[in-house]
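Chain nomenclature is as follows: A, B, C, D and E, assigned in order of appearance, with residue numbering initiated at 1 for each chain independently.
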C-alpha cells in the first residue's frame, strides 16, 4: 500500500520536492543548532520554551482531535464518518510524529533523550506524556494499517481491532489532558495554574484539528478526487462550530476569573498578551488577530448558510486554525513565561533558524499527510 | 534508596567487567544523611555591605560559572534581586526604608518540596537526604522543564557553550557543556570535605548563616528561633530552605 | 478427453502445510489430471529430436537413453556456459521466500515444490552437486542432490507445472526469473526425449505447415474468406483479405487460433474491420500463418526455428514492416528474442502508420508492431469512429496476459482502446493486474484436458480476481490479448466463476467500430442481437 | 563485449576499493603506536593496567555515578589504597600530569572521542589553569565559620 | 600457534574473499547474455501519448541505472512484497493481499547496518582514520547510552538478524525450503555481530593493540597482539569465516544481484538489436520447401505462388523427408 505514495505525476512530485526542500533546509538549520546550541533560538533565561514546545502542544491537540470523527463512528455508529475516520487517524499519526520531532529539536542534549527511557520517572508529567503519545502513535498505526488493508481488500476488518479503536478514544483525550498537566502542575506559573487548562486544550483541539481535517479533505477531494461525502464535512464543521464556541467560552471564563479577582500574578499575563506590559507588546497584535479571527470564525460557523457553503466553510476553518494556532502555539506558552517569577518581562521573538526548523517539521508533516491521503485516495480509487 | 545499597547494586552491574581482571571496586561509606542543610541570610547585615559581591564572585569562581553578557543566555547561581521583586511586594512605598529599592541575595532555595525535582523526566535533579537539591549534569537532557517549574527563577540553562565566557577556570570543579541546566548546589563538593559553602566563607560581614536544621544547637536554628525571618513564596508549598532574616 | 471434473469446492480447499518429508526427496506421483501426456514418437522423429519412443510419464520405465545422465550433465554444462541468466540464477538465490506465495500454482496447489524457489532448487541442487565445490564437498548440507531418474521425473512434473509467467521475477529481490530456469529445465528434458505432446505437436505442425493447428493453405484461405462473408453480413461492407500478396506494405501475422478458435475468431473479425477502416495495405501469409510460437515452450533452438519464418516471409513478400496480432508468448518472442535470433531485419523499414503517419521508433530494430499499439495510435489520433454503447451488454475487466505484461510492458495500449470502446470497464484488484497480473494457469503449453485439475488450480487466483469484479460490478466479460487466454480462460471461468465470457480487445473494438458506409448493426460480432440486451452497470 | 568490459571494470573498481587500506598503507609510512607518558609520582594505578586499558571508561562512569548521585567520594582499590574519585583531580593532576600525552594519544589513535572534556577541566602542568580562591583550611567543619 | 592463527587466518580469508569474488564475477561476466530479457514492471516506451515508466521499464541507460540503484540501495523489488491470502476454502472467495513490509524492513535494516559497521571499522585499517569513518561513527553513536555508548547499528543489526532467523524458523513453508547452508550464513553473521558486540561492551580488548595489529595487516607487515583475548580471537575468526565463505555461498548475491539480466537490461528489445555471441544457426522449414509441398493446394485455392511449374529443389533434400506429416488435428491455441 505504501508504494502508492511513491507513484505520482509531475505535480505531485513537485509538491513533495518542494516540501522536501523545506525539510532539508530545516535539517540544515538543526545541524547548526546542534553545533551552537539553543542559543541560536530566540529563547532566553526567562522564556525557556518557545516555538518548538508551542508547536508540540498545538499538534498534540490536532492528534487528539481524531477522536471527533472516530467516536461518533465507533460509539454511535454514525455511518457518515466511515470514510473520514481513517483520515483523522492518519492526521493523528502525522501530528504525533511532528510532536516527537518538536520535542526532539527542543532538547538541549538530544543525544541523551533515551535517558527518559533508561530512567523512567513516573512522577514526571513528561514521562507520562511520552507514554501517552507513544501509545497513541502505536494505536493509530495499527488501526489505520488494519482498517485500510481491510478497505483495500474489501473485507471486514478483524474483530480484535474494534476494542483497539475504542481504546484509542479515551487515549486521545488522555494525550491532550496529560499535555495540559505538563503546564498546569507547575506551582509558580499562575497563567497555567488553572484547572480549566485541560478542558480548554481539548476544546481548542477539537476545533483546530477537525478544521484542519476539513481543509485537508477539501483539498484531497479536489486533487485526488478522494470521495468524501458533503454530509461528513458538514458534520465535522458542526463539531468545529461547537468546539470553537466552547473554547471561546472557556477563554472568557478565564478572563472573568482573572480580572474580577484581580490577583496581580494572574492579571499580568493577560495584560502582557493583550495590552502589553512595561512597554513590551510583541504579542499584542498576534493575540488580537487571534481574537478577531475567533469571532469571525464563530460567526461563519454558526450561520448555517456560511457553514454549509464550501468557500465560506474553508475560510472559517482557516480562521479557526490560525486563531487557535496563535492562541495555543504562541500565546499559551510564551504568555506563561512572561512575566517571569521574578517579574521580568522579556519579549520572545523566534529567530530565523528556529522558524526554519519549525517549518522543516511542518514540511515533514505535510509530506506524511500527503502520502497518507494519497494512499487512501488510491486505495479508494481502486474500488471505482 | 540508601547510597550504600545503590552502590552495591551498581557493583553487581559491573561485576562482569570487574571480575574479568580481578579489579575490585572499593565502596566507601556514604556521607551522613541525618542532616538538613539550610541557609539564613541576615538581610540587614548584607545590606550594610553596599555593593559587595564577595559571595557571588566566590561562588561563580569556585564553580566555573560563566559571565555571559547577553541577559537572555545568562547563567547565574547566586545573584541579587530587588527586594520588592524577590518577595512580590505590591506597593514598594510601604516597605521599610531600610529595604526599599535595595537588593537581596537570591539563589536556589533547596526546597523541601522542590517542584523542579517532581517534573524532571530523567531524575537528573533530585533532593539528597541532606536537603541539597542536586543536579546530575551527565544525565540532564536539557528539556528545561525544571526551569519552567522553579517558581524562583533559580535555574539557568546553558544556551551557549559557557567556556568562552569563563573569566577564571578552576580545575577543581567542572564547567558545564551547552544544553544542560545548572544552579546552586549548595557547594556540596565542599560540604563533602567538611567545608562551608564558598559564599558563606567569602562573606566579609557574616551575613550568611549556613547550618544543619536538625541540629537544635546549630547557630542557624538559634538565629531563626530568635529573629523573624521570611521565605520566598511560602504559599506555593515548596518549603524553601533559604531564610531571610529581616 | 472428457474427464470427470473434480468438484470446485474440493480443489479450493488447499492446505498450505508442507509435507513431512523434505523437498530433497524427489519421488513424485503422476496423478491423473495433474500432468501432461508425452509427445508422440512421430513428432519427435519429424522434428529430429532425440530419443523418440512410445511412452507416458506414468510409466515406471521412461526408456531413457543409457547415457542419459551424461547427456543431462553435459547439457547443463553447455547451458551454464551459454546463459548468464541460468548460471547467475543458480548462484544467487538466498531463499528469502518472497516469491513463494506469488506463484499461482503454489497458491492453487499448496505444493511447496510449486513455489518458484523450490522449483528452481530442483535443478539448483543438481547444479550444486556436479558444478560447485561446496556441493561436491558437503553434499546435502550444501543443498546438493545426486541426479537420479526420480529427479528427472520430478523435473518433468514440476517444469510442466510452471507457465513461465514471470510473476515471481517481479517480487524477487534479485530478479531471479523462474521462466529462465523452467526453459532450461525443459530443454534438458528434451535432450533425453522427455517432451509433452501438447507442445511438440503444435511445434511440428508449425514447422511443417506453418501454424500450430496444422491448417493447410487452402483451409487458411477458406477460413479468412468465411470471415469476409461474415463481416459483409454483419456490416454490409466487403473487406479484402489478401494472402501471400507480394508488394503489400504490411505483413500481418496473428496466432493461428484467431482464425479457427472461439472466441478468438471474433478478434480476427475485429482486426479485419480495423485494418479496412484504417485503409492499411497488408497481407496475410499462409506460410508464416502463425504468430504464436510453441517452440518457446520446448527450447530456444525451436523458438528460433519457428520464428525465422516471419522474417523470411516478410523478405520474400517485400513488405515494409510486420504487424502482429493479439497473442501472449508470441510477443515475448517478438519483443525479447526475435531481433536477436533472426535479425537484423535490415530489409524492412521502421513501421510507420499509413493512417496517422506515426513513426513507431520503439520497433525501429525489429520492425514489428503489436496490433494494440497500432490501434491505440489510430484511436489517439481520432482515426476511428467509435460507438461504445454497442458494447453496453458487456461489463468488462481486463486481464493482463503475462508475457506482454512482464516481458514487454504493454499495459496502457489495450486499456486505451478498451476505455474508448466500452462504457462499462472495471479493473480487477491491483495486486492481480499489470506487472502483478495472475496467470490463466494454462500458459507455456499446459492447457490440456489431461492436465485439467492442475490448470484449474493454477488459474484459481485469477478466477478469484474475476469473481471479485463480478460480484462488485457485475462483470460479465474478461478482455484479454492472448490466444492461450482466449482458449483456456473460458473453461477456467466456467469452472470457478460461471457466467463470465472471454473476449479479445479487438472483438470489443470491432463491436464499437463505426465503419464508413456500414449498415446499421443488429448484432454484435458474436451474432448476439444488440437491441434489448441487458447487462451493464446497474 | 561492452557489457563484459563494464562488469570487469566494476569488479576492478570494487576490488580496488576493498583493498584500499592496503594500497594506502603501502604508500605511506606505518603509523607509530602511541607511546604514553608514564605517571611521574604514582607507581601503580587504582586497577591493573590491563583492566584500565580496556575498561577505564566503565570505571570512570562508575566513579561519576558514585560521586554525583551517591555522594561517595573515595575509592578503595584492591590494595586498600584510598583515593578520591576525581578525573581532573586524581587521574590527571595526581598521576598523569599531561592529558595530551596520556589520554589523547590513545584516544586520537583509536579515533575515540570521549565526552568527558566537554565539562571536566584539564589541569595544566602547574595544577589549575587559573586557580580559584585560595583553598580553605581543611579543618573547618561546615558551619563552623558561622 | 596463536600468532599463526592471528596472521595466517585473516590473510587466507582475505585471499579467498577477494579471489573468490573475482572468480565468481569473472565466471558470470564470461558467460554471455544471449537475450535481452528484462522483467518489465512498468509501461513500455511506445506511443507518444502514453507515459512510459522510465525506471520500472527502462528504455535508457539512465533508467537502468536508476532501476539498479533502487534495487541495490532500497531493495525496490522486496518492497513490493505482499502476502497472498486466498486461504479461505470455498469455491471462489475474494482474493486477499496483505501488506508485508517486515522482510523488506528487516533486510534494509540488516544490510544498511552492516554497511555502516563496515565503514566504521575502516578506521582500524587506515591511518589516519578516514573522515567518513569517524563521521559515520559519530552519527551512529549519536545517542549516548552506556559506557562505551552503544552504536545504534549494533542494536539494529542484532534485532534484524534475529528477525531474519526467527521468520525462517517460524514459517513452516520457509522452514521447509531452508537449507542448512542458509542457517550457516545466518549463524556466521550472528557470530560476527555477537562477538563484535561482546568485544565492545563486555569482554573488551586493548583497542590500541588491535589497531596496531589491523594496521599491520593492512600494511602487509602484521604483528599479532600479545594478549588479544578470547573475544577478539572469536570476532576475528568469525569475520574471517564470513569473508572466506562469502563468495562460495548464497551471500555472493551481493555481487551477483548487479548482474541480474532481468533487472539490468533495458526494455528496448524492439528498438535496438541485442547481439547473441553464439547465435547458432537454426535450420527452418523454408518457403521453398513449403511451397513444394503445398503447391497443388495453393494453386487450387487460388493463392499466389512463386513457381507455377516444377519444384524448387530435389525432393530428396526436401523438408518433407524428415518424417511423417503430423496430423492436422490439434488444439485450439
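Simple rule for what comes next: a contact is a pair of C-beta atoms (placed from the backbone, for glycine too) under 8 Å apart; a residue touches a chain by one contact, two chains touch by 3 or more.
What you are looking at is a predicted structure, and each value in this text was computed from that prediction instead of being measured.
Distance from each chain's C-alpha mean to the overall C-alpha mean is smallest for E. Centroid analysis (C-alpha atoms only) places C farthest from subunit D. Among the remaining chains, the Cα-based centre furthest from that of subunit A is the centre of C.
Inter-chain spacing, taken between the CA centroids of subunit A and subunit C, is 55 Å.
Distance between subunit C and subunit D, defined via averaged C-alpha coordinates, is recorded as 71 Å.
Rounded to whole angstrom units, the spacing between the C-alpha centres of subunit B and subunit E is 63. One inter-chain figure worth recording: subunit A and subunit B are separated by 38 Å, centre to centre, where each centre is the mean of the chain's CA atoms. In subunit E, the residues that reach two or more other chains under the touch definition are 28, 32-33, 80, 94-95, 97, 144, 204, 259. In subunit A, the residues that reach two or more other chains under the touch definition are 110, 112-113, 118, 153-154. Each of residues 50, 54-55, 58, 115 in subunit D touches at least two other chains. The part of subunit E that touches subunit C in the complex is made up of residues 24, 27-28, 31-53, 56-57, 59, 71, 75, 77-78, 80-84, 86-87, 89-95, 97, 103, 107, 171-182, 185, 248-253, 256-257, 259-263, 267-276, 278-280, 282-287, 290-291, 293-294, 297-298, 300-306, 319-320, 322-333. Touching subunit A in their complex are the following residues of subunit B: 71-74, 81, 85-86, 88, 90, 106, 115, 118-124, 139-145, 147-153, 156-161, 177-181, 233, 236-238. Touching subunit A in their complex are the following residues of subunit E: 79-80, 94-99, 101, 142-145.
Here subunit D touches subunit B in the complex through residues 47-48, 50-51, 54-55, 58-59, 62, 64-66, 68-78, 82, 88-89, 92-93, 115, 118-124, 127-133, 136, 138, 140-146, going by the rule given at the top. Residue ranges of subunit B in contact with subunit D, taken from their complex: 3, 6-7, 10, 14, 17-18, 20-31, 37, 58, 61-62, 64, 128, 134, 136-138, 168-177, 188, 190-196, 198, 200-202, 206, 208-212, 218-220.
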